[in-house]
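There are structures below to look over.
Both of the next two complexes hold chain A, though its partner changes from chain B to chain C.
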Partner chain A sequence: MNWSNLVAQMFNGLVLGALLALISSGLTIIYGTLGVLNLAHGAMFMIGGYAGYLAFEATGSYPIAVVAGAALVMVLGILIERVIVRHFYGRPAEDQILVTFGLGIVFVELVRLGFGSLSRSVPPPSWAQGVTSLGFTVYPTYRLVVVGIVAVALLILYLVLYRTRLGMIVRAGIEDSVMVDSLGINVYRVFMVVFGIGAMAAGFAGIVNAPVASLTPDVGESIMIETFVVVVIGGVGSFPGAILGGLIAGQILSLTSIVDPGYSYVMLFAAMTIVLLVRPRGLLGSRSRD
Partner chain B sequence: MTARTKGTALKSRRNFLRQAAIAGIGLTAGSRVSSVWAKDEPPIGTWPAGSQGNSVFIGITVPRTGTYAVQGEDELKGYQLAVEHINAGHPLIKAISTKTTKGVLGKEVKFGVADSEAKPNVAVQAQSRFITENKAVLITGSTSSAVAVALNKLAQREHVLYAAGISGSNDTTGKDCVRYGVRQCFYGQTAAAAIGPITVKTFGQNKKAAYLTPDYTYGHTVTKSMQDYLKTAGWTTATNQVAPLGAPDYSSFLLNIANSGADVLLNVNWGHDAVLSTQQAKQFGIFDKMKLVVPYQTPFLAREVGGDLMAGVYAATDFWWTLQDKYPLAKMFVEEFEKKYGYKPEWGANNGYMEFALWADAVERAGTFYPPSVIKVYEDGHKIQSTVGEVYFRKEDHQLVRPVIIVRGKKAADMKNKEDFYDVVEVVPGEPLMQKPDAFGCKLGDYT
Partner chain C sequence: MTAHRLPLTEILTGLGLLAAPFVLPPLGFAPNTVNQILVWGLFGIGFDILFGYTGLLSFGQSAFFGTGGFVAAYILTNDIVSSVPLALLIGMVAATIVGVLVGMIALRRTGIYFAMITVAIAEMFFFVENSPLSHWTGGENGIPGVPTPRFEIGQWSLSIGTGWPMYWFLAVIYFLGIVIALRIVRSPVGAVLVAIRDNPVRAAAVGHAVGLYKLTAFVIASAYAGLAGGLLGVLQGFMPPDAFTFDTSGQLVMQTAIGGTGTLFGPLVGATVWLFLRDFLQSALNLGSAWKLVLGLIFVLLICFLRRGLIGGLKDLWTLSRHRQVLEEPPEEAPPPAATDAAPLPAHHGLEAPSSGPILTARGLTKRYGGLLANSDIDFTVNSGALHGIIGPNGAGKTTFFRMLTCEVPPTSGTITFAGRDITGMSMTNVCQLGLTKSYQVNQLFSRLTVRENLRIAALADLRGKFRLDLFRNPARIPGLTEQVDRTLALVGLTRRADTPVSALAYGEKRRLEIGLALATSPGLLLLDEPLAGMSPRERVETVQLLKSIRQGRTMIVIDHDMDALFELAERITVLQEGRVLAEGTPAEIKNNAQVREAYLGGVVEA
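And then the complex of A and B:
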C-alpha cells in the first residue's frame, strides 16, 4: 500500500465529490419541489460549458465566462419551465421523463450542429494554472480552486434554501405543495424560480468544470449517470443528501481505483444498490415525495 | 366433324404439340441453366437480390455521437469520397482498382448511414436492417473494435461481406476473425512492433512503463502487444490503469500513474478519451515526470489537445497527410479530400476511402458480387497500389499487409501550416511486423 497515493486519492475523491454534489443539488431540488425528474439536466451542464466557452472566447475573462454560463442556463431553465415543463405537472411521471429526455437530445444535437463534435477547451485562469504541492502529492491548482468555488456555491444555495422566505416556501413545497398552494402562495412562480436555480446549478458546474474536462456535446451524458447515482444514494429530493451522496460517490470512484481501476464505476453502482436495499429512500431521503 | 374443322383440330393439335415441345426444350434448358447457376453461385446472404438492379447498397455504421464521434465523422467522409469517386470512375479509384470504369461492375453504389454510438448492439441492429431491408452487398464501419468484432460475427452469420473500419484490436483478424470479414488498417501487434524499437531507442532499456488502457478488446490487446514487445528490452509495467470507455474524468487513474514511479506513459486511450486523458495528465504534472508515447494514434489528437502537448511525442498511425511527398496516390487523395472537405484528411478518412477502393477492386476482379468469389479474390494475394505503396491481403486471416507509419509531434513554432502537427519519422514495412497467421487463433470459417 502506497500511503501517499491513498491520501492523494482521498483528497481527489473530495474534489470529484464536490463537483458531483453541485450538479446533483440542482437535479434534486427540482425533483424535490416540482416532482419532475429533469433528464435534460446533463444538457444544462453541457450548455453552461459552451455558453461560458463562447463568453471566454469573446472576452478572455474567466469570471465573465462563469457568470455568462450560469446566467444563460438559468434563463434557459426558466424558459423551459414556462413553455414546456409547466404543462406536464399534472401528467404521469412517464410523460415528464419523456419530455425532458427529448429536450436533452434536442439541446445536445443543436450544440453539435453549431459546434461539431471536436472538443473545445477553456483554460483555467492564469492564477490557477499549474500544479500545487500538497506534501503527499502534487495536485492541479485549478482543481483546488474548484473545491473552493463549489463550496461557496453550495453555501449560497444552502442560505437561499434555509435562510430565505423563498427557501422556506420551496422546502414547504417539497413537503406538501397542495398546502402551500392553498395558503395563497403562487406555487407556479416558485416552481419557475426553482427550475431556473436548479438548471443554473448545472450550468454553473458545466463552465466551472470546462477547464478540468474539455467540452463536447456529449459531456453531460456521462456526468448525468453519475449525478443520478449521487441523488439516489443521498436521497431523492434532499439537498443535504445530494452533498453527502456526491462526497460518497467521489470517494468510491477514487479509492476503488487504487485496487482495480477497471471496477471503480462498477463499485459506484454497487454502492447505490446497497443503499437502496438498506434505505430505499436514500441516506437522507424523506417520505414526503412518496 | 367436318373436314375443315378436322383439319383445324389437327393443326391445333400439331401446334399444341409443337408449342409443348418448344416449351419442354425451353424448360429443360432453363432448368439446366438454373442448375449450373445453382451449382456455381447459389443464393447466399443478399446474393443475388442485392445486385440485380442498377445499383448496389452499402450499409455504413459509424459513431456520430459519443466519445468516438469526431473520428466516426472523419471516417464517413472517406467513405463518401470513395463512393463519389467509384461512381464517377475517378482516376484515383482507377489507380487502386485497375479494372474499375464507373460504379462497381457497372452498377451505381448507394449507401445508408447509421449512428453506431460505438456500441456493438446498436451497430448490429442497424446493419441487420441494412441487410434485410436494403439487401446490402457490403457492410462497413467501426471505430471501436468491439463493434468490429460484433459485425464480423453478423457478417459471417448473414453471409454478407464486412470491411472493418477503424479497428485496432488483434482479435478482429485474430481469434474473432471470419471468412466474411477483412481489415485494411494497422492493429495492436503491428503498432507495437513498429513503435517499439523507436521507443526503446529513444528512452533506453529497462524502463518502467505506465499504461492507460480502455476497457475493451482494443485496449487490452494493444496494451498486451506493447507490454510483450517492451519486455524484450527489459521494460516492466509499473501500472496499467484500465478505464471505461467514455470516462468523464481520469483524475483517479492519473494519480495512480503519477505515484507509480513510471518513466514513460503509454496512452492507449482513443477518441475523446485520448484527448481528455492527455489533457488531464498535463494538468496533473505527469509530463514533468514521464514521457508520453501513443501506440495507436487517434485522428485529430494533436489538434484537440492543443498547445505543445504532442511536441516530441512518438505515435504509430495508419496515414499522415505529408506522406503525399512520398506516394503519388497519397498526394491525389489528400488533394481530393481537402478540395471537398476543406481540411487535410486524418487516417480514419484514408482508411474509409481505401476500404471501399479495395472492395471495388476485389469485386471487379471477381466479375461478380457473389460473396465467396469476392472473398477468394481478397485471398489470392494480388498486389494493389495504395496511398501507402503496394499492399495485399493475407489469405489466412484477411488482414491487409501494409506499412505502419511512425510520426513525431512538432512544436507549434515548427509547424509550417495549421495542420502540420507531425513529422513522418519512419514508414515501417508491414510484413515483418505481423505475427504468424495462426498466432492469435484465427479460424476463418466457411465460405457458404
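And then the complex of A and C:
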C-alpha cells in the first residue's frame, strides 16, 4: 500500500460518505418530523436512478436526467404520503414500518417488471469524463463532481431547514409536533412536503450515483441498510448527525477495503455497535426523541 | 382458566398435521412445498413470540436462522456429528447464544431503533458468512451435501428421505415447537410479555424487569430461528447463503403479518399463502418474477385494511357474529359503587417497614430541567401508616416530585430514603419490588387486556419478583394469585367488569383500575397522583370511600386538587408552590395558614 492509494481510497470514502449523508438526511428528516421510519427509502434511491436513466435515454442530457430523477421521486414521495402514510400517523410505529416495507417491495418489483434484472448504466456527462490530476494521484473526474453536487444539495437542504419558515416548522416539529400542531400550523401539509423532500434526497442521490455504479432494481436495498447504520451512528432525527454519520461510514467502508474488502461491512457494523454501547442516542442524537 | 383444561389447540394442531398429507396434495401442494411451509411456520413461532406477543419488530431474524443452519450443516458435512437431531440441537444452541449477545445490543433501544439495529446486525452476519468465514461456510456457494436424518435402533435403521417421509419428521418437530410455545405464552412470562407490548412503562412500574423479559423473548425467537435454519439445510440437502439475507427476514415478517400476529399459527398460515401463491403465480399463471409484486401488493393491502392478518380477520368476524347476540341482551346497568366491605389487601410482605416513625424521607430533593427548576430543595417526611396529602397550584412541581419519589426520574440532587434504605438512583422496578408504587395522573393501563388480566400483571410482579423464568408454569398454580386479583377487583369495585377489555370501560372505571394496578402490587407505600381527576361528584365520593378502605396497613401520599376531599382524608398536608415547600401541617393548620391562602385563594379571605 502506498500513499496515493490511501488518498484515493479516502476520496472514494468521501464520495460514498457524501452520498450516504444525503440519503440519510432524507430518511432522518422524515423520521424527525413525521415520526415515520420509511423502509421504502431504498426504493426511492433506486427509482431516482431509473427515472434519471429514462430521462437521459430520452434527452441525452445529464442535467435534465438529474432534475427529472429528483422531481419524479419528490412527486412519488408526496403521493405515498397522501395516499398511504397519512393514514398511519395514528397507528403504531410497527405498522408504519410494515407498510413502507411492503411499498418498497412493490416499487422494486414494479421496476423489475419494467426493466428486467439486467443492470443499466448512465454515462457521466461529457465534461466530467476521464480523470483529474490531484498532484499526487489521478482521480476520476466525475467522482469529484459527485462530491461537489452532493455538497451543494446538502447546503440547499441546510438552508431550507435552517433559514426558511418551513424549516423552522420542521425543526420545531422534531422537538415537539403536538405543540406545533396546537399553534395552528397545518402540520399535515408540512408532513407532505417533508416526505417529498426526504424522498427526493434519496432519489437525487440515486441518479447522481448512477454513473458511478450501475443500476439494478435491488440497488436500493444495501444502500438503505447502510443508511440505517449511518442514522443510528449519527443520531436518529438529527440532520448534522446524518452528515457526520455518513462521512464516518464512507471512510470506514473504503479504508477497510484497502486491507480486505470482505471486512468493510463488518467494520461498519462494529462501529455502529460501539456507538450503541457507548452512546445509545447516537453521536449527535437529541435526548427528546425515543 | 382451569387447571384441567382440555388441550384443544394442541389436539387440533396434531390432527391437522396428521391430515395435511391427505388434504393438501389434491389442492396442488407438492410435498416439498408443504415441508417448506413447516420450516417457515416453525421459524415464525419464535418470531411471533417476539413481535406478536412482545411487540418487538425485528428485521434481523435471518442472523439466527443462518447461524443455526450453517452450524448444523457444517458439523454434519464435516463428520463432527453424525446424528441429524443432535446437529440440529447444536445449531439451535449456537443460535441461542448468538441471540443473547445480539439481544443485549439491539434491545438497548426500542421501536424504530430496534428495527434498524436488527436489520444492520443481520446484514453483518451475511457479510461475515460471505467473506471472513467463507472457508467454513462455502461463502456464496453455501454448504452442499447436508445428510437427511437416519435413526438406528439396534439392528433396525430408518432413513428418512425427502418428500412425505421428511414431512413426518418435520411435523413432529413442528408439533413439539407449537406445544412448547403454547405453554410459554400461557405462562406468567407470556402474560408479562403481552403487558410489555401494551405498555412497557407500566410493566416496569408495577415491578417487572422489562429488559430481561424482552431479552427472554428475543432469545426464544433466536432458538426457534436456529432450529428452523438447521431444518432448512436438512430439508434441501443444501445450506444456502440466502438464509442470511435481508430477504429472509423480510419474508418472515411478511408471512407473519399476512397470517396474523399474536396467534403462533399466523406464520404457518402466512407461509402457506406465500408459498402456494408463489408456486401458483409462477407456474400456473406464468407470471414469472412478478409473483413477488403480487404478494407485495397483497401485503400492503393487508397492513392497510386487515392489520391483524387472516387469522385476526377471521377472529374478528367470529366475535362480531357473537357480539350481535350479546347486543340483543338488555344493556348492563350502571356499575356498582366501590365495595367497601371487601377484605383489605395486606401490604407488601417482602419489606421490613417500620411500624412507626418515618417510612419515607426526602432530603434536599431538587430537579432541574435545563434552566427550569421543577423542584427545589424539598425536605419531606412521611410516617408509617399515615395518609399524607400534597396540594399546590398547577405547575407547582407535584408530579415531578412524585416521579422522583418513585424513581421514575433521578433527582438532580438530594436523597430519598424508603424504609431505611437509600433508594436514590434505583430503578422504578426495584423500588416497586421494595413496596413503593404510584397510580398515574394519566391512566397507564394495559389497554388491550381485560380488567382481570391487568390486575394479574401487577399481582404477578408482587408474587414472582421482578424476573423469573417460569416458562412452563400454569399461572393458575401460583399460590395466592387468584385471591390477590379477586380481592383487588372487589376493592376497586370492578368484580362485575372483570372480563371486560379495558377499552370498553367507562372513564371512572378506568381511574379505579388505575388505582387497582398500583394496589395489586401490595405496596407498603402507595402514591396516588390526582386519583379524583376528571371524576363526577358521585364518582368522587366513591373513590374517597375506596381510598379510606385501602389505607389500612399501608402508608399513602395523595396529590389532588380536590381540597375538600384531601382535608377529609389526610392527617398531614404539604403545600408545594413553584417547586418549593410552602407549608406543611395538619389540615386545620393549612386551612388557616396565611401564606397558603395567599398562594391558593389569591388573598381572598373567607370564613
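What we mean here is this: the second predicted complex is superposed on the first by the 289 of 290 C-alpha atoms of A that agree within 3 Å, B and C clash if a C-alpha of one lies under 4 Å from a C-alpha of the other, contacts with A are read in each partner's own complex, and residues count from 1 in each chain.
Keep in mind that, in the parts below, contacts are C-beta pairs under 8 Å (C-beta built on N, C-alpha and C of every residue); 3 or more make two chains touch, one makes a residue touch a chain.
Computed from a prediction, not measured in an experiment: that's the story for all the values here.
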>> Going by the contact rule set out at the top, does A:G262 touch chain B (first), chain C (second), both, or neither?
In response: both
>> Let me test your reading of the model: by the given contact rule, A:I97 touches which partner, first (chain B), second (chain C), both or neither?
In response: second
>> Contacts for A:D176 in the overlay, against chain B (first) and chain C (second): which applies, first, second, both or neither?
In response: neither
> Which of the two partners, first being chain B and second being chain C, lies in contact with A:E57: first, second, both, or neither?
Replying inline: neither
>> Quick check for you: in the superposed arrangement, does A:Y31 touch first (chain B), second (chain C), both or neither?
In response: second
> If you stack the two complexes on chain A, which partner ends up touching A:T273: first (chain B), second (chain C), both, or neither?
Replying inline: second
> So, A:N2: does it touch chain B (first), chain C (second), both, or neither?
Replying inline: first
> Which parts of chain A are in contact with chain B and also with chain C?
Replying inline: 112, 117, 221-222, 260-262, 265
>> Going by the contact rule set out above, which residues of chain A touch chain B in the complex?
In response: 2, 4-5, 8-9, 12-13, 15-16, 108, 112, 116-119, 121, 130-131, 137-140, 142-143, 212-214, 216-219, 221-223, 226, 253-254, 257-258, 260-262, 264-265
> Can you list the residues on chain B that touch chain A in the complex?
Replying inline: 64-67, 69-70, 73, 215, 241-244, 246-249, 251-253, 255-256, 258-259, 272, 275-276, 279-280, 283-285, 300, 303-304, 306
>> Under the definition above, what is the set of chain C residues touching chain A in their complex?
In response: 51, 55, 57, 59, 105, 108-113, 115-117, 119-121, 123-124, 127-128, 130-132, 134, 246, 250, 253-254, 257, 289-290, 292-293, 295-297, 299-300, 303-304, 307
> Quick one: in the complex, what on chain A touches chain C?
Replying inline: 31, 37, 84, 87, 91, 93-95, 97-99, 101-103, 105-106, 109-110, 112-113, 117, 221-222, 225, 228-229, 231-232, 236, 260-263, 265-266, 268-270, 272-273, 276-277, 280, 290
